[in-house]
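You will see chain A twice below: alongside chain B first, and alongside chain C after that.
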Partner chain A sequence: MKIIVCAKQVPDPEAPYTAVQVNSDTKEISTKGVAPVINPYDENALEAALRIKDENGAEVVVISVGSKISQAVLRRSLAVGADNLVVVDSPQFKSLDSSSIAYVLSKALEKMGEYDLILTGRQAGDWDLGQTGLILGEILGIPTVNLVRSVKIEDGKVVAEKILPGAYELVKSNLPALLTVSSEVGELRYPIAKRKIQAYKQPIDVWSAEDIGVDSDKLVQIDMSALMPPPDMGRDCQFIEGDSPEEKGKNLASILKGG
Partner chain B sequence: MALIDWKADMVRCERCSNCKWVPWQKGPGLEFAQVCPSISKHNFHAYSGAGRYHSSLAYVTDKIGYTEGWLDIIYHCQMCGACDITCKTNRDMEPQEMLLALRAQCVEDGQLVPALMDVMEGLKAEDNMMQSKKADRGNWAKGLKVKDLTKEKGEVLYFAGCRISFDKELQKVARTAISVLKKAGVDVGIFGKEEACCGGRSYEMGYQGEIESFSENNAAMFKAAGIKKIVVSCSDCYHSFKVLYHKIGRKLDIEVLHITEYIAQLIKEGKLKFSKSVPLRVTYHDPCHLGRLGEDWIPWNGVEKKVMGQLVLHDPPKVFRRGKYGIYDAPREILRSIPGVKLTEMKRIEEYSFCCGAGGGCIDSDPDYSLWVAKERITEAKTTGAEAMVTACGWCERNFSDAVNETGDALKIYDIIELVEQAI
Partner chain C sequence: MSNRPVLICGETEGDGISSSTLELMRAGKKIADDLGAELSLVIIGNNISGIADEAASYGANKVYKIESPLVEKFMADLWVGALEKLCAQVNPKVLLMSHTNIGMEVAPRLAFRLKTRLTTDCTDLEADKAENLLLCTKPVYGGNAVAIFKYKEEPHFATVRKKIMAPAEKVSNKSEIINVAPDMDASAVKIESLKIVQEDAVSLDKAEIIISGGRGIGGSEGFKELEEMAELMRKSSGSVVEIGGSRPAVDLGWLPSSRQVGLTGEKVSPDLYVAIGISGATQHLVGMMRSKKIVAINKDKKASIFNIANYGIVGDYKEIIPAFNKKWRELS
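Entry: the complex of A and B
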């Protein structure tokens, strides 16, 4: 069984807010002195894939599409247990819209050959659009289930729990299929030291746009009309004085009442 | 400032190579003339401050991209600031600031070193640089009767720092510091397991975003505890609280003292008296972050102006940190006041001190290189005839101790507080 996990490199969503800078002129967001990370939802997808590998045995291949992809960051996927990493890197892939990224992924998948299951994160931690996985399923013409909280392989079929408001839906599908995975699956496992060392030495596949036969005319860059920082809400931190918890409580109540 | 903002300095660097040497006027002699550990080891121009200026210029002008070789050059640097000080002997340029911007650029671009990624993962998860459990942070203080400033108010906080808190062989430094301060009648307290990293080392490794959250958290904890004074044994923490927090716009309104400054002060006030002799011939190693990098931050908000087509001036005039006002006297005053201790100086001292090798993440990313640098310094220490090398930073002590263990040298390595306690 071959499982493909699509992983996007994003600015760290856990970066301190003061390290995040919104540039309205260039319409870009930068994180000062913060390293990029694998999109956390894609890490959930990788964890789901590794659990299938643990239970049923599978080859797990991680693929990432983008511009200036950090191999050091993506190699973490190998350190936790993925078997291979494919990086498709091209300056043309900067700021692509979701359908274009899905198109590039579909071209890369063509080159990769047969697969049984594709897992993506439910959305990416940078723009939170949540479209690429579903569009990719559409392009590939395979069964696609979104917002999955658990995945299993039973009798050659994939069985997934799809999140609904206050409930979940049990979906069984033929393979190959594509699932977009949510954080409920669980956090990505921690790499063991021995694998970490191997991961940074293991050869990986690095492809360009030409290698996978991407038609540049089909690529659409996001045309953002405006990008503004959120309004400064202001913060004022006060420490409530008092010799005892009771006195502190009274003083807090007094402040809250405006006294 | 971003890397591109240092382009003018990159252009201005004319390869005078001052960044490689202790000024000849200081008479370091041929054997100990080199000031930069990186060029000392690699003996190739690219590994010097000037080399990094020129390779960075090539990068910002799109002539080169990241390569394995260039990353090797960038990360084989202790960020010790030696090139910065020696450059300024005849230039108003700041290689250290450019190097910090270069590291930050690498981090933002994902050009990372696996070993440092692991350290950062640990920092994010457990608030320390030692890849240890946060819950174990206060273990060094087990059995000590010391005030917990997360529960009680107090004016003096002893901040142990990551290295001293978790390194079992160095925990004695913190325990001794508490013991000495209490003997001097100081009402000292600690944060125990609630203490978090200062954020300084990650800043120098290029992960400059992290210090934002750590400085915010630490400032809030200091405020909540009503602290008036922070005392640290770790020079990195000292530099972080005193210099970096100010630099990033979060200057603490609390007095930051290195333990050497505080002990020297207590001796002067007659609160600490030595009654025992410690017969020992010692030499003192100036930690980079306590010495040349420990000077107050000097904010400057102005513009660079080109005059007569080539001369660059700063408007308003910029005051440069040249390392002269680091903490050099306090540790020496302490050593001279301990009966029996005879202090002999090495050639490279004060702002021209040779790094211990542990800085800039090198102790994690390339321990062999880090140890090579420590051994160079130990060779210099031995030429003074000293029986022991005294330092005032946990990172220096760790690296020197490891080097001595490896070489089998008889030279003893002490933190200054250990000699203070022996003399009380």
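Entry: the complex of A and C
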């Protein structure tokens, strides 16, 4: 059983919004000082893969496509239990559109050979488009399920809980298949200290666009016609004071009750 | 008038057309008028004649009906195939879907097959009359910026966030209803549906008061405190009061996902939103910033949540809430 997890490096989406600067003239978003992380939804996908590895045994390979990928950031996936890491890095991959990322991933998968299951996060915390995984499924022509919150392997098939509004659907598919994973799966486990050291020494595969035969003419960048800061969300917060937490609580009740 | 329509891919809800589809119809009508195009709607499902009749009253020129027992429940593989065929037939200039679970799954796959580009989760749409294109406004970076995309590829394709736009209203002119041969093949279904399990069927958007907890609550046990607060407010005010939460609270298994407020959860605007132990990541703020009154309780005075709150308390909710509840009872 070989599981591929697609992981994108993004500026930490949990960073306070004051850290994100929008330049409307250059149409650039500056995230200076915001640490790069593995896209949290891709971390959820990795967690789902590691649970299958715990349960059934599997080889988990993480692949990342981008430009200026920090290997240190991606190596975290090895520290938590992934077996191999493939980084496909090229200046041409800066701000790629979802369909182009899916195309590059498909070329990398050709080089990687056989696989049974591909897991991706539901969307990436930078552009929040939610397209790459589904488009990759189309390119590969394999069964695809969107938004799952649990994944299991039973009798050589994948069984997953697909999220519906106020419900879930239990679905089953032949392998290979591609599933996009939602955060309900749960957070990625913490690295084990011993593995952490190994993870930084372990050889990884670093490929260029040429290594996997990417046709540059097929690459399309995200292209904005305008970029603006978000609407002002600020309100003047009146802090409720009191000598003790209890008193603050009572004062809040009086204010809300009094209207 | 161009014969290439603005095509809306509709969804059903119970025995009717979904409210998000009606919102799309109003937005689509404006774009169609601006581009000098017709407005068309397609509905997919089983036994949907009644729904198609109803949908025909909302201002579209044509309603396409694709009816088959194979799509009694939503089947992504069949929807994508059916819409791909319909688009080949009607050649839409603009294609719109709601950013619902269905739209999120169908639109990217359909965009790939139609060889076009898609902008998802749009909060505004506008026709660029000069260039005959579609301007798609979309929050990016978790809501920290707002981008406008304008792509030349056709059909111009967008999914639109729910409850941002007002729904279409009934008009006197009825749409022409066109039956489309379903031409669906059960063997195209790659995903077997074993069962659908209903869970907590809460509708947070109907709540007048929402008491929300985040990572700072510390465990599912802590939500009992919040539930007591909610019950008190329910009794004394007669308002619809619901428990909500941030993404971490859901991911940690303390709350079902139907109660998640934020970018990938519900977007709500109650009269009162109480955020407890929620630091205020932007992806949460975008889900509740339209609340009329916001109260934040957090241990960390620097938490972003205070920037958008009307009232704030710095402190431990475990000490604050019981005292709040006691006082509330006295005042009720």
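As a working rule, the second predicted complex is superposed on the first by the 238 of 259 C-alpha atoms of A that agree within 3 Å, B and C clash if a C-alpha of one lies under 4 Å from a C-alpha of the other, contacts with A are read in each partner's own complex, and residues count from 1 in each chain.
Keep this in mind: contacts are C-beta pairs under 8 Å (C-beta built on N, C-alpha and C of every residue); 3 or more make two chains touch, one makes a residue touch a chain.
What you see is a predicted model, and the numbers here were worked out from it, not measured in a lab.
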| item | value |
| --- | --- |
| Which superposed partner A:M224 touches (first chain B, second chain C, both, neither) | second |
| Which of chain B and chain C A:M233 touches, first, second, both or neither | second |
| Chain B versus chain C as contact partner of A:P16, first or second or both or neither | both |
| First (chain B), second (chain C), both or neither touched by A:A72 | first |
| First (chain B), second (chain C), both or neither touched by A:S216 | neither |
| Touched chain A residues, chain B compared with chain C | C |
| Touching partner for A:R149 - first (chain B), second (chain C), both, neither | second |
| First, second, both or neither for A:S30, with chain B first and chain C second | first |
| Residues of chain A that lie at the interface with chain B and also at the interface with chain C | 14, 16-18, 31, 237, 239 |
| Residues on chain A engaged by chain C in the complex (per definition of touch) | 11, 13-14, 16-18, 20, 22, 29, 31, 44, 97-99, 102, 122-123, 125-131, 134-135, 137-139, 142-147, 149, 159, 163-174, 177, 182-187, 220, 223-231, 233-240, 244-250, 252-257 |
| Interfacial residue positions of chain A with respect to chain B in the complex | 9, 12, 14-19, 30-36, 68-70, 72-73, 75-76, 196, 200, 237, 239 |
| Partner chain A, residues of chain B touching it in the complex | 104, 107-114, 117-118, 120, 124, 203, 206-210, 212-213, 216, 220, 223-224 |
| Chain C to chain A touching residues, read off their complex | 76, 100-101, 104-105, 108-109, 111-113, 117-121, 135, 138-151, 190-202, 247-248, 250-253, 257-258, 263-264, 272, 280-283, 285-286, 289, 294-296, 304, 306-316, 319-328, 331-332 |
